[in-house]
Every structure is written in structure tokens, then in C-alpha cells.
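Chain IDs A, B, C and D follow the sequence of writing; residue 1 opens each chain.
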Amino acid sequence: MTFDALFVPAAARHAVSDVAWLDALLRTERALAQAEASLGVISPAAAEAISGACRPDLFDVGSLAEQGRAAGNPVEPLVRTLREQVGGEAASFVHFGATSQDILDTAASLVARNGVALLLAELDGVAAACARLADEHRATVTAARTLLQQAVPTTFGLKAASWLVGVVHARHRLAAMRLPAQLGGAGGTLAALGENGLAVLNAFARELQLPAPVVPWHARRLPLAELGAQLAVAAGWCAKIALDLALLAQTEVGEVRVPDGASSTMPHKRNPLGPVLARACAEHVTAAAGVLLHLEHEHERAAGAWHAEWKALSDGLAYAVGAAAALRETLEGLEVDADRMRANLREETLSEAERFAPDARRPEDYLGSAGAFIDRALAFARE
Amino acid sequence: MTFDALFVPAAARHAVSDVAWLDALLRTERALAQAEASLGVISPAAAEAISGACRPDLFDVGSLAEQGRAAGNPVEPLVRTLREQVGGEAASFVHFGATSQDILDTAASLVARNGVALLLAELDGVAAACARLADEHRATVTAARTLLQQAVPTTFGLKAASWLVGVVHARHRLAAMRLPAQLGGAGGTLAALGENGLAVLNAFARELQLPAPVVPWHARRLPLAELGAQLAVAAGWCAKIALDLALLAQTEVGEVRVPDGASSTMPHKRNPLGPVLARACAEHVTAAAGVLLHLEHEHERAAGAWHAEWKALSDGLAYAVGAAAALRETLEGLEVDADRMRANLREETLSEAERFAPDARRPEDYLGSAGAFIDRALAFARE
Amino acid sequence: MTFDALFVPAAARHAVSDVAWLDALLRTERALAQAEASLGVISPAAAEAISGACRPDLFDVGSLAEQGRAAGNPVEPLVRTLREQVGGEAASFVHFGATSQDILDTAASLVARNGVALLLAELDGVAAACARLADEHRATVTAARTLLQQAVPTTFGLKAASWLVGVVHARHRLAAMRLPAQLGGAGGTLAALGENGLAVLNAFARELQLPAPVVPWHARRLPLAELGAQLAVAAGWCAKIALDLALLAQTEVGEVRVPDGASSTMPHKRNPLGPVLARACAEHVTAAAGVLLHLEHEHERAAGAWHAEWKALSDGLAYAVGAAAALRETLEGLEVDADRMRANLREETLSEAERFAPDARRPEDYLGSAGAFIDRALAFARE
Amino acid sequence: MTFDALFVPAAARHAVSDVAWLDALLRTERALAQAEASLGVISPAAAEAISGACRPDLFDVGSLAEQGRAAGNPVEPLVRTLREQVGGEAASFVHFGATSQDILDTAASLVARNGVALLLAELDGVAAACARLADEHRATVTAARTLLQQAVPTTFGLKAASWLVGVVHARHRLAAMRLPAQLGGAGGTLAALGENGLAVLNAFARELQLPAPVVPWHARRLPLAELGAQLAVAAGWCAKIALDLALLAQTEVGEVRVPDGASSTMPHKRNPLGPVLARACAEHVTAAAGVLLHLEHEHERAAGAWHAEWKALSDGLAYAVGAAAALRETLEGLEVDADRMRANLREETLSEAERFAPDARRPEDYLGSAGAFIDRALAFARE
């Protein structure tokens, strides 16, 4: 709500805006009409009239939300307005057989699909940058740090390789997640569609290229909870990389330089803004995931828990993109100071290594399987 | 971010909007200049020039947030723009001795004060409604329900009295919370103000009628964490009352009727919209509190945790007002069905009561200290 | 910590006890020795001596935890004690090439595997009960309830079918989760194992039938975060079913009777104890998941976030089993009152249905695709 | 549940153990009998008999918890056993007029009081150490670090002074929190006590030196939620100080040395174990607070949310003590390296300071109000 533009790229802000939700709601109503027409439930003419009126520019989204307060959701005023726009006999076939939640949940699935697509693109950018760093810095010796203390030598390449594996892992999980279409009617039985219920459900889902659910999921919110958790995992992983970068960029460590941010009072300071933004964003995604993990939805539609999802889903998507974008920009502009890494290595850290490899003479001789691990990581990323 | 207008009254949306934050930031810069002028740190003429330029209409808040991305906060571009507006020699006295966080934290304290004031007003409305119900329904016998089962008789008045005590308690706690002004300069030492540091801090705080901190709190965020928690307590308590109402309004219970909400498909349904909105809002406040409870701010300014506060504070305030407002509207329009309450009392519930009061003949004889408790609650509310 | 025995079945309490962790730690040290011997890294004799000493009865687990305070983990004193037990030359090959976290993380994976197995068994019981209810109650008409109000008729069978789909979904996700073995040595490079690093890692993982990670995951905790989230989803879904049951069992609804719980004061009360316990357990799982979702582990080993996982994982597993067990017992003893369901259906609910199916004469005629959905759910569960 | 002994001092583990809860439950039953006897509600002989049987050694706490599973709480079997122990006529006056929750909630208040007392003692130790550091290091110049970058000079004394202010603030808040006694009987009306309800409630509270509530708080859990939040604030603040210490102790920074922890593989490493333990503990306190902030307790007693409190309260108390104790030990053994602090100060950091104080020649000349702030902090701590 506050300073969103500071944290979230414009595309992601747009993807979860009221306008984007309106667009998704109207696409859903249109798909319903077309699916019903394709099965003879409503006439082709009605479907055409309805489809023609499903244009965002005919609606005032602010007014819909305010009117929605009286109904508990924005679909009731949207349907009312849509019926007015359609007019005539076709008006009574608007929203036919559906309940508000069918439309809103399906729209949420569309919004989520768009938001996740933006996130995957950012994660791909992060992964590409990590892969490049892993490959380029195979021989860049640096300290492995455990409990914030130098332990033994490792390579910056292996550090980046571990970042890469996490990003690719998170990306795979997210890419496999597809929220389903929703269609159940007032009580989840599709009663108003008579014999045609399942056929309409399937056609409707196909129309929107969404999976059809086994049975309506009005109060069975596992997919949303899992998406929320996976957004938190993705953003949290971006925050972990961001934290490593902020720690490496510390004045006293200085092993990386991140793209610059201006300080209002201290021109000499090079603030790690990308990491800072990524970490801040991730906190909001985790908070949103907490809301989406609330699965106690009463009976066939929850008295509150459902209504809390819309903002949580939007925030979760937008700020996850924010986290990934800030990290990607940081990694793409990262300067790695290999000399400083070497210089920072303490005597004790090197001696420690010698305990394990008494014949070794240089840090490079103590790196064990670091190179092999990098190869495995790069192969995993290419899979 | 999504459908805010459905959940949050316009005044509360405004109170945490980017525009409101801009206004608070500019009031803060102005107060700083005036405090400094009052102590001779800058000239009266400079202070006047600065004060005159601290007008929200001279700034484009969207642009500030977007530019803020390069600085990690919106104050850097704001100060830059303000200096341009002021021009001349006075420009160099804009933001004198302050750091971005001084301005943002103080603005947050102002935003919080305004948001809490709206919340207190709504809670007062809730309390007034609860007090009325407690008093009017002293003799309205109903079932006490434990683990969702009828236990023994109580009164609806006592139920409302317990609601009242919680609201008054939450209100007292919130009213006692005042976020302090912030002024520490780049490192929290007020170095740029020389000998005048403490005097400027005190004058600055007085100017804004905010408490002065013992020492700068750039990375000591207990007040914000406690405010966040207390917002969650207030909203959570509204949600508890809302849940009781939704349970009492169930079709099969029917002991209260809440102001109506239209259903898109079922005109006969009387949806408990106020309770639904209150419960949904409360989830967002709890989520925001989770962010604000994150106290691990590194050293003298956090690399991310600070930046996560702005949205969390705004959301927490706005949705707490949303929860209280929805509950207040519900309670003000509540219809209590005393006959139904009596009719719903099961034989076993009454017999149970007889075990304790063998001479009793009517439910009214089994109510123990219910009336005395109502008196205590009303007295507590008047304190 | 408090009254665990009230919530968590003995088997699950045992599975996450200090004793079980000790057992897992020793199995891990033994597997390491055996893997290293199989590759000639240590001698068969050393491996045999070490394996022989990896017996829980030789260790005092309470003392290990207390001593562990000085090291920040229990592995350091365990290794020290193990070396004493082994004695002789072989002592120096105990824990060879490993770091404490290798042993603890691998033990965590073993503990998680055992805990998840208990959970899957309970979820299977829940699913079986849901499937039976779905099948038996295909024709049991009841009210679909949205926002806690009766909407239109549905069947209790469809309600149970939706429960079933969620349980099966949660079960599939959990069954697919396998935490990997961990072996990286002090810095994640397996430096002390020279050329044999990867071979030892693979042999070690095979020995314990755990997946080998792509690269060591000392600070890449996505698998644990995802397991935590999935435990919360499974427990949260149990809580949702529990909530539905508690609502159906309300005195005024009375559509189901759950196995009895005694009341200390009111013998007539039939408290829904199973649902109550399930819901309470789920809250602890969600809380534990919140800890596990914290992915900001610094560099190669976290200064705190790692140490917080052990309790969170244990609590998450144990209380998830607690939630599922309480729900299973409830469902297995559930009495469904079909007559009461029919009697509770309001006139308006039936009339509402007639709007959609004007030719219908009985509630059974208004059920749309309810039966077809049950078939889909049962088929999904059999997959 | 796992490795508690590693994180929580023995006294705190004991204070929230099942045995401590049993003791508190029995003290509560005894106080009830004595309060009732003092008002003539039961005979002195009955009270004496009951008091005599309220001895923990007569009960098997493990068995109570297991039996409690059938009742949903441990009080039902405890009361049953207590009646057997008392025998004769007096047995029927055991637990007279009370409900299980009266006893459990009051016991929770006693457990909380004991746990908070342990926590306050630890916080006092932390405060004393901070005050000493603040005073001793008034002149120890070090870098203020913002966003993990050096900003301008400050003193280590001021850093410790800010820690101090937070600890004292958290301590004051906690000390002011006192959970009330609970007594309401089955439905919150004290029906079984007839005219004597309020008098018994007051005598009972007095007996235990707990505040009497305005009205029973069976489902009005604000005090517990606020205690939970305040425990999270206290532990979170300990974690913040711990994080600062861990960052200062980094190999590359080396400005403080914390008491040593052994590494299983690297004897040279000086792991910051106290900070690590404190941070890990704080995560569990925050998680517990999340459970306690759940205020949606249904009607007069919650179906689950109440039952989730016992473990959350115990964990919150124990791990908050754990966090404070680990931090106190760390601060008491802290070595501050003033030379290293000075040596670490970058040229740019000093030049930056010169911009503000052109006449200054040494870092000491750039410290603004640092000394005055330390005085304010020490005065605040003495209040």
C-alpha cells in the first residue's frame, strides 16, 4: 500500500492491480458464457452479447470495490453492471450457474498465473547470473564462513553454485504450480447446470487453459496455501543470497561491490540497495504466505478466510517479483574482488586446511570437491 | 493492494496513502527547520524558505517512490527536490543534520498517530454498542457455549459485557502508545549539530508533539513492534466478536441478525458481511504485526528490516481500522432475537443449571453473578 | 514441551525425542564410517570399531544436550564421547571428514523420514474414513453452507469427498518429499576427503537410503522449508475438517456426533474433543513452519537459524501427527444423523434450489453434479 | 521438544515443565478451597482435607496428561484423582463451582509469573552488562554502520547505551504484565456459587496474589496475547543485540570477542555461541507469540485455540529465558577490542565526519551528542 513503487517493478504492480483483477474477472465471465454456449446451455447469441460486454473499459474498478463492500466481494456489483451492459434477454444468462466465488477464484488463478510468469522470468535472470558467477569463479578462492567466522577455504564459484541450485529448485517448484479453475455454483454441486455440470466445468477450464479441479475447491484451499508457501520459499531464497551479498559487501569485508545507491547524507557510501530491497520484499511475501496458509475455511465457503486471500495473493506475487528483480539487478551488476577475497583469508584458515591436506602448498590445493560440485550444479541447472 | 476499498474505509485508506506519507515527510522537514531556527542553528530566513516549500502539491509522490528505488527510500529524492524548490542559500539548510531515516521514522510516527486516532474512534463506537447491548440484555437468557456446545445458561448481556471489556482494554493500550520522534543524523550521534544536538531533538519533537526518544532508535524498534502487536490484538479482538456474531447468526442458531449483505445468487441469504470483513481484515493486521515484530535490525540501520516497516505499518493501521469499522457497523445494526435465544436453550442445559441451584425454577434463577459482572464491565468502561 | 502427551500419540513423541535424535545421529556416524571404508578412505577395522560403538545405550542423551550448549550443537560432545568409546587408532577416524552439521542435518533427514511415515499412516486412515463417508452418504442431503449460512442443498457425501481430495493431495505432496543426506565437511568442499569426496557422499547417502544433494545444503534450506510448509498444509487441512465437524456437532446443528469426551463439570456435554485437539495441534505446526520458512542462513552455516530448526522440525512432525491422529479417531467413530440433516434444511434453502430446477420435487432432484463429483474424488483417491 | 537442554537453562525448563504445571494446578485447587472456606461456602474441614491432598507427589503427571487426552485437558483427571485422594464427604467439595478452564488458566497465570520472574532476572543481568559497557566505552570510537556499511564515527558506549534502553524498556513492559486469576464456572456466571460468586473470586485471587479479572476471561485472551507479544519483543531485542555481537565478532571485523565455543572440526575457530543460541531461541518465542495472538476463541470457551495456548506459553517463556541467558553470558564475558575498532575506521568514514565538524582533528571531536545520549540512557535505566 505504501511506496509499492519503490519495491515492486511496474509490471508486477500492474499484474496484481485492481485493473488486472477486473480484467481477469471479465475474462472469466466471458469464458463461462463461451463454455456454456459451446454446450448449448446458453445461446450463441447470448454468449456473444456477454463476451462483447466483458470489456474493462466499460467498468469503474474503484466503484466496484466500494460497492463490493455491501456484498462482501466485487463480483456481485460486477455482475449487476455487466447485466446492465448486456441488456435484453441475454442479460439473464450472464454469470449463469455460477457463484461469486467461482468467478473470483478463477480470476485469482489467472492473476496468479500472470504473476508467477513474471516471477519465473526474474528467477531465470537470477539463475543465469549465478551460473555465470559459478563458472567464472571456479578458481576464485575465498573463505567459507560458518557462524560468521572464517572456517576453511572454498571458492566463490561454489558459493554461487549453491545459490544457483536453490534458485533452480525454487523455480521448478513454482513452474509446476497451477491454480485450477473454479466452478461449483452456489453450493458446489453445479445444480443450476443440471446434466451439463461437469461438461461445462471442463470446457470452461479449457477455455482459460487452467486445470479443472477434481471437485470444486471453494473451501479446499491447499493449492493457494502451497503457492503462498512456494512464493515465500522463492523470495526467502532471494533474501538469503541478498544477505550473503550484503555481508560480502560490508566495508570491512569488501569482497563484492554491488550496484550503487546514493546516500542522502554520505556520498562516499555505497549502499547495498538491491540486497536491502530484496530482503525487505521477502518479509512481505512471508507475511502473505502466513495468511494463505490459513486453511480453516468453514463448510462450503469461509466467513472471512476466503476474503483475506485476495490481498495476500496479490502482495505475495508482487513482492516476490520485487525480491527477485532486486536480486537480479544486483547480480547482473556485481563486481567480484578476487584479490580481496584472497587477502582476507586468515592464516589460521589456511593452516586449518593444511591439517586436512598436508601436501598442499596453495589454497587451491585444499578445495576438495568444490569444482566437481560446481559441475553438478551447472548440470542441474541445465536439466 | 487489491480491493482495499472493499475492506478499508476511505479515511483510513487516505491516512496511510503515499500522499499522507508525503505530507508527513514534509511536515517533518518543516519542523526540523523550525526547531533549528528556534535555536539559531539555521537562520529564520532559511527556515521560512524551507517551510514555504514543504507543500505536498509541489511534489509528485509517484515519482518520488520510483526515484526512491535508486536510494532505497523516498527521502533522498524528496530532499533533492525540496532543495531545488527552496533554491538559493537556504537550500543547503534543508534537512540539516538529519539522515533519511530521521525523516522517515518521524513521518511514520505521525502516520501512526493519525491512523491510531481513526482506530480509537472506531473502537469507541464498538465499545458504545457493546455497552448498550450489555445493559439492554441483562435479562436476556441465552446458552453459554463451550467447545461449541451448550453448557449452562448465561445472558446475552454478559456476553456483550465481556466483548466490551476486551475493547476497552485494547483501546487503553493503544491510546497509551506514542511512537517517538527520530533525530540522530547519519550515525545516531547528531554530530552535525555540534553542541545543539539534544536541544534540537527536543525542540523538533515538541514542534510535532511527539515524545523525544531517550537516544535515537534507528535500530531499536521496540515501539513499532509493540504498536504492531497491539494493532493485532485490537483487530484480533474485533475478529473474536465478529466470529461470535457469525456463529450466532448461523441459520440453525438465528439468535442475532446482522445488517444485510446481498448475495449475487441467493437473494434470501442474509450474509454476515460485517463479521466476514472484520475477520478478513484482522488476518492482514496479524501478518503486518509479524513483520513489525522482526527486531533484528543490524547495527545502526538495518539492511532491509527497516525498509519492510513502511508497508507493514500502513497495512496494519488501515486494516485494523477496517476490522473495527466493519464490526462497529455490524453491532450498530444488530438485531437480537431474545425469544430465539430462549427457545434454543436445551432441556439438558437447563437441568445442568438446576444441579447447581436446586431451588431455582426459571433460567433467570441460575445466572449467578452475571448481573454483577455486567456492572463491573460497565464501570470498567467508564473509568 | 507442556502436556505433549495430551496432543501427540506416543509413537510420534518417541519419533522426535532426544533419544530418537541420538539414534539418528549414531546411525549417521556409522553410515559415514561404512561408506568411507567401502571406498578405502578408512580401514574396515576402523569402520567396524566405530560401528560397534554407535550404540545409543552407550550415551547419555541428556548430558549430550547439556554439554552441547558449550559447542552450540550436540554433535561435538557426541563425537568426543564416541571417540572415547572407540579408543585406539580407530578413534581418529570417527567423524572423518565431516562437520557437525553434516551429522545433524543427515540425522534430521532420518528423523523427518520416520515422522513423515507416521503422518502418512494417519493421513491414510483419515482418507479411508473420508472415502467411506463419501460413498455411504451419496444420498444424504444436507445444506451447503456459505459464510455460515445455509445456501442450497448438497450431500454429506460430497462434503466428505472434498475432505478426501484434500487429504489425498496433502498426502501425495508429503510422500514426494525426501530430505537429502548432508556431507560437505567444514566448508562444504569435502576437502578432507581429497579425490574421494563425491564417491563418499554418494555411498553415504545410499547407505542411509537418502537422496544425495546436488551440492551440500548447509545454508540452502529449501527442502526443510518446503517440508515445514507441507506439514502445515497437512495439519491445516486436518484442522479444516475438524472445524467442519465441530460446527456440524454444535448443539443447535446436531448433524454429527463425535466420539465422546468427558466434561469435568457437565456430564451431559458431548465435547468434540478430537476436532479440538486437531485444531490445537495444527496451530503448533503452522508456528513451526514459520520458523522453518526462515531461509536467511548466513554464508556457509547460519548463526542461529540453523540451530532453530531442530525443535521446529520435531514440533512440526509431532504435532502434525497429533492433528491427523485426532481427526482419524474422530472420523472413525463419527455418527452421521441423516434425519437431522434433512430436518435442518430450511424452506428457503429448498426454494432457492427450485429456482434452478423448477421441475424438481424433492431435494434429491437438485443435486446437480454432486454424485459425479463424488465419483471423481473416489477415483482420484485410488490413483 | 528437541535438545531443549541446549537452549534453555535448567531453571526455566523446570518452570514450564509438566511438573511445574501440576504444582500450579494443585496450588490453584487449594486456593479455591481455602477461598471458599473463608467465605463459608465449604467447611473448614473440607478445605483442610482438600489442601492436604494437593501435593504433587500424590499424582503421576505423565498419566494425567495421557488421561487428559480423553477430556481435552489435564484438569478433569486431576480433579478425579484429587477427589479419590480426599475421599469422604469433602471429596464433593473439591473443585467446587469451578470449571476445568478456571483451574488451568489460573495455573497458567502462576506459571507465567514464575517464568517472567526468571526472565526479568536475566534481563537485569543483560541491562547491567550493557550499562557497564556504555559507561566504560564512552570514549571508544568505532564506526556507526548503516545498511552494513561504515557511515560516520560513533562510540561503542553509545551502541551499548541503545542496547540498554531497549532492554530496560522491554523489562518495564514485562514487569507490568500480570495475568489474572480465572474463576467463572461452567458458563462464566459463577452460578454454582450463588450470591458468593464475586466474593469467592476476589478471595481466590488474593490467595494467589493474582489480579482479579473484571469479568471471567475464558474467551477474552488479550492478556495472554499481549504477554506473548511482549515475550517476543524481549527475545527479539536480545536477538538484535546478539546479531550486532555476531557481526562485530566476524573474522574480518574482530571488534569484540565473545566467550568461546569449541568447534568439532576447527579448534582455531571462536564461534559466537551465545549470540547463536540467543537468536535461535528468539525464533521460537516469535513462533509461540503467533499462536498466542490468535484471539478468535469461540463463544465462552474455544474449541482448540484455548488448548493451543499451554505449549505456546511454556515455549515462549522458556525460550525467552534462553535468549536472555545466552546473551547475558555473552555480554558478561565480552572482550572489546578498542584498538581494532579504531583501526577499522576507514579514511572515508573519518573524512565524512570532517564535513560536519571542519575544526575537528581527531575522531573524538566528531561525536556530537554521543556522550549526552549515554548519560540519558544510564539515567533511564536507573529510573
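FYI, a residue touches a chain if its C-beta (ideal position, glycine included) is under 8 Å from a C-beta of that chain, and two chains touch if they have at least 3 such contacts.
Here the structure is a predicted model, which means the values were calculated and not measured.
Visitor: Would you pick out the chains that touch chain A and also touch chain C?
Guide: The shared contacts of chain A and chain C, listed by label, come to B, D.
Visitor: Compared with chain C, which chain's mean CA position is the farthest off?
Guide: B
Visitor: Quick one: chain A and chain D, Cα centre-to-centre, how many Å?
Guide: 37
Visitor: Any idea how many Å lie between the Cα centroids of chain B and chain D?
Guide: Distance between chain centres: 25 Å.
Visitor: Averaging only over C-alpha atoms, locate the centres of chain C and chain D and give their separation in whole Å.
Guide: Centres of chain C and chain D (C-alpha means) sit 29 Å apart.
Visitor: Specify, in ascending order, the residues of chain B that touch 2 or more different other chains.
Guide: 72, 99, 145-148, 151-152, 185-186, 239, 246-247, 266, 271-273, 276, 279, 282, 286, 290, 294, 303, 352
Visitor: Help me check something: in the complex, which residues belonging to chain D touch chain A?
Guide: So the residues of chain D touching chain A come out as 143, 145-152, 246-247, 249-253, 266, 268-273, 276, 344, 346, 348-349, 351-352.
Visitor: Can you tell me which positions in chain C touch chain D when the two form their complex?
Guide: 1-7, 16-18, 21, 62, 65-66, 68-76, 79, 95, 98-100, 185-186, 239, 242, 246, 261-266, 271-273, 275-284, 286-288, 290-291, 294, 303-308, 310-315, 318
Visitor: Under the definition above, what is the set of chain D residues touching chain B in their complex?
Guide: Interface residues on the chain D side: 72, 97, 99, 101, 144-148, 151-155, 158-159, 161-162, 165-166, 169-170, 173, 185-194, 197-198, 201, 214-220, 222, 225-226, 229-230, 232-233, 236-237, 239-240, 243-244, 247, 279, 282, 286, 289-290, 293-303, 352-353, 356-357, 366-370, 372-374, 376-377, 380.
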